[in-house]
């Protein structure tokens, strides 16, 4: 199917089904139950999972395959967002021109930054990308204010030109009239499922992005990228020039980041410089590592896990914690509430940092490696993971 | 005129003259050994052939074309492959993938954005790589990760990678360094077989005289950065200059 | 002219901070071969040592003064810091006033301990892992450290004044023959510069003139050989890590009055000091110091109005721009050694 072998086709179908059923998968608990706070099936979160999934898939093409660790991918996310919002302002609230421009602009940016940064490798490359990201961030805040609207961020206004939009066009980002924020709710057996247009747009694009990355992984080009990671010296003595390969991977991953940025702006037509900060670039690194760098599904899982946990952890406040521990004697209750409050609510970043350290220390291959180990522990021989297909 | 012509090559590092007026001619279809005591400049010379080092003066011609100033990948694309002293392979990839890469490089050149077809669909290339592995008796290890191979197998894999490109000139840097006697003999056998079947021109840098005299059809002796003798193996053994060079080293 | 001298002076204190952090970073990199992304967090923790000491000294006994009432008519609560009770009012107030310099003594054991714990507990296990893993795990650690600080001290910057004695400014312009009030420079910044100069020369002479330093320097060149000589290099490297942590910590303590400590100051300085290290040359101590001052001064020159009017925004990006140019033209940085982290 679609130029894939049987196993990959099956794999792709599973991914498609999982993505499409996200509104159910992320909403496992009934509304009335005490566990409903662990539901994640609302549009905003689902959109973010899909979008950051795209971001991480793209990042993985660079980091997972070639081993080049970029801390600057947030810059492309930001460029994508700004480009998309400008299209909304100038052309149309239809998201297609916005997303197309986001991808093109971030590709151009990635080409420029990559061309310079890739002249060095290892830690120097990381620092160069970091420097470029910080530079873009600082510029977006200061000199480029006419384009970025500085601290306020770039927004759409009723007074915008929007050349292509007729008088009746919706004032919100839409796809041929379907606004992104439209949701259909379905209540059944006490469960509330939300089907959101924006999410399905993101999901469709995410599936395409995933398919593309699957093809890259399986292609001779992908093989060359893994060769870059493995031994550049051998590569050049084998008649291959590593630099254009790496640059191509960098540009592709930059375009993925731009696509994600464009989608972020499409879901909520706002672009701010904080999206370009290097900590955002750090976040996508965390997602990729957590899921498993160099694997196909890992980055998506990582993005999903982090965005989901972020949402849940940030929501848990002291009142909820008191609810959990009220069976304990008061002193103990207060202690546990205090302890857990360190890691929840505002403390989410602490949990994230710890989680990240744990993964790097104990499970450098991320969740995918963890799953693999469990599978081996239970004795099921996994021929699926024969080294010729290390990418699942 | 040989396939590889080295004329008046000089190279110095700071004050140290590593190569002085080196002249060398490798005849097509032969195995040419370059021997010499430690520090004679053998590796420096080899690095001048593959684009890693740039000689200060002189010329290196391959099939009449200059190799100077060219990048290693361009030189490889011209038909020069190199086997390293410590095997340079793609450790994270499987044995089969290790051989697929040079096959792709041979067909597609230094860079090609080849992301449309999957590796699996490239039947021709796969067949070629698999055949190559069968040739060097590694068919059973095809799906193994290359870094888990034994040292001898790594070297065989590296040779398979170079040979799969059908090079016109194969450069070998001490192909038996650190090998046990039995492995050394296997390697000699393998090289002799390749030479017989494919008539690939080889230039070998070697310490082990057993290897040199089993394989070489011509020998250049390098001492203190210059070629002191270039002759047939039978004339090298008793040559007074060669004795002097080696004994001189032993006396130090 | 006076503007130029003023900017030069302004660049010095920022440059000192960069130089001190970069010194520790490159020391760790040179000796242990570890890329430590948590080094900025150590600087931040140093700053918070000053905050903590000030808070501790201000812990007060609350007594009720029956003779006075507040505006609601209740008896007035009077806070008297314990140090004032114990040492008398004048001495007590002086101790509180001098809390930042005192924090130097207070912070050294803390920073040594943190450095030791970090090296033994975490970094040690990463010597043989790829640099990417080192970057990632220390990046995680930096997040954890800054979040812990945020939990205890909140997200807002905490003003931590220098002793009154150093308040006010020095009229440097008058001193060298300019008009009055042309070039004024706060005393504390002068102190900071002198302090950094002392620390830097301290570290250098420690490495140059002691046997310990000699072994460490030898280890920076060739770790394996030194290990083969039967010298317990690991133990020395642990101590070295502690020293590097202390240097960053002290830089942080003294920086507290210049920039009110907040939890993310570590990350802000980290990115810059990495740039400094790379510009100076990975593993080169003089390079780190030179690049630190150079970039600090360049940054303050770039923020001059005359320059900003020609090149708008240059002050925001000058450091990164310089770093990019240097990295591309001199891959090893200004004073990098051959063979250190080249690929």
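Chains here go by letter, A, B and C, matching the order in which they are written, and residues are numbered from 1 within each.
Throughout what follows, contacts are C-beta pairs under 8 Å (C-beta built on N, C-alpha and C of every residue); 3 or more make two chains touch, one makes a residue touch a chain.
Bear in mind that the values here come from a model prediction, so they are computed numbers and not experimental data.
The chain with its CA mean position farthest from that of chain B is C. If each chain is reduced to the average of its C-alpha atoms, the one that sits nearest the average of all protein C-alpha atoms is A.
Chain C has its Cα centroid 34 Å from the Cα centroid of chain A. Chain C has its Cα centroid 53 Å from the Cα centroid of chain B.
Separating the CA-averaged centres of chain A and chain B is a span of 46 Å.
Multi-chain contact residues of chain C (touching two or more other chains) are absent. On the chain B side of its complex with chain A, the touching residues are 50, 71-74, 76-77, 81-82, 84, 88-94, 96-97, 100-102, 104-106, 108-122, 143-145, 161, 165.
Those residues of chain A that touch chain C in the shared complex are 67, 69, 116, 119-124, 126-128, 130-132, 134-135, 138-139, 141-144, 278-279, 282, 285-286, 289, 342, 346-347, 349-350, 352-354, 356-357, 360-361, 364. Across the interface of their complex, chain A is touched by residues 35, 122, 125, 129, 131-133, 135-137, 139-144, 147-148, 150-151, 267, 271, 274-275, 278, 282, 312-313, 316-317, 320-321, 323-324, 327-328, 331, 341, 343 of chain C. The residues of chain A lying in touch with chain B in their complex are 3-5, 215-216, 218-224, 226-227, 229-231, 233-241, 244-245, 248, 386-388.
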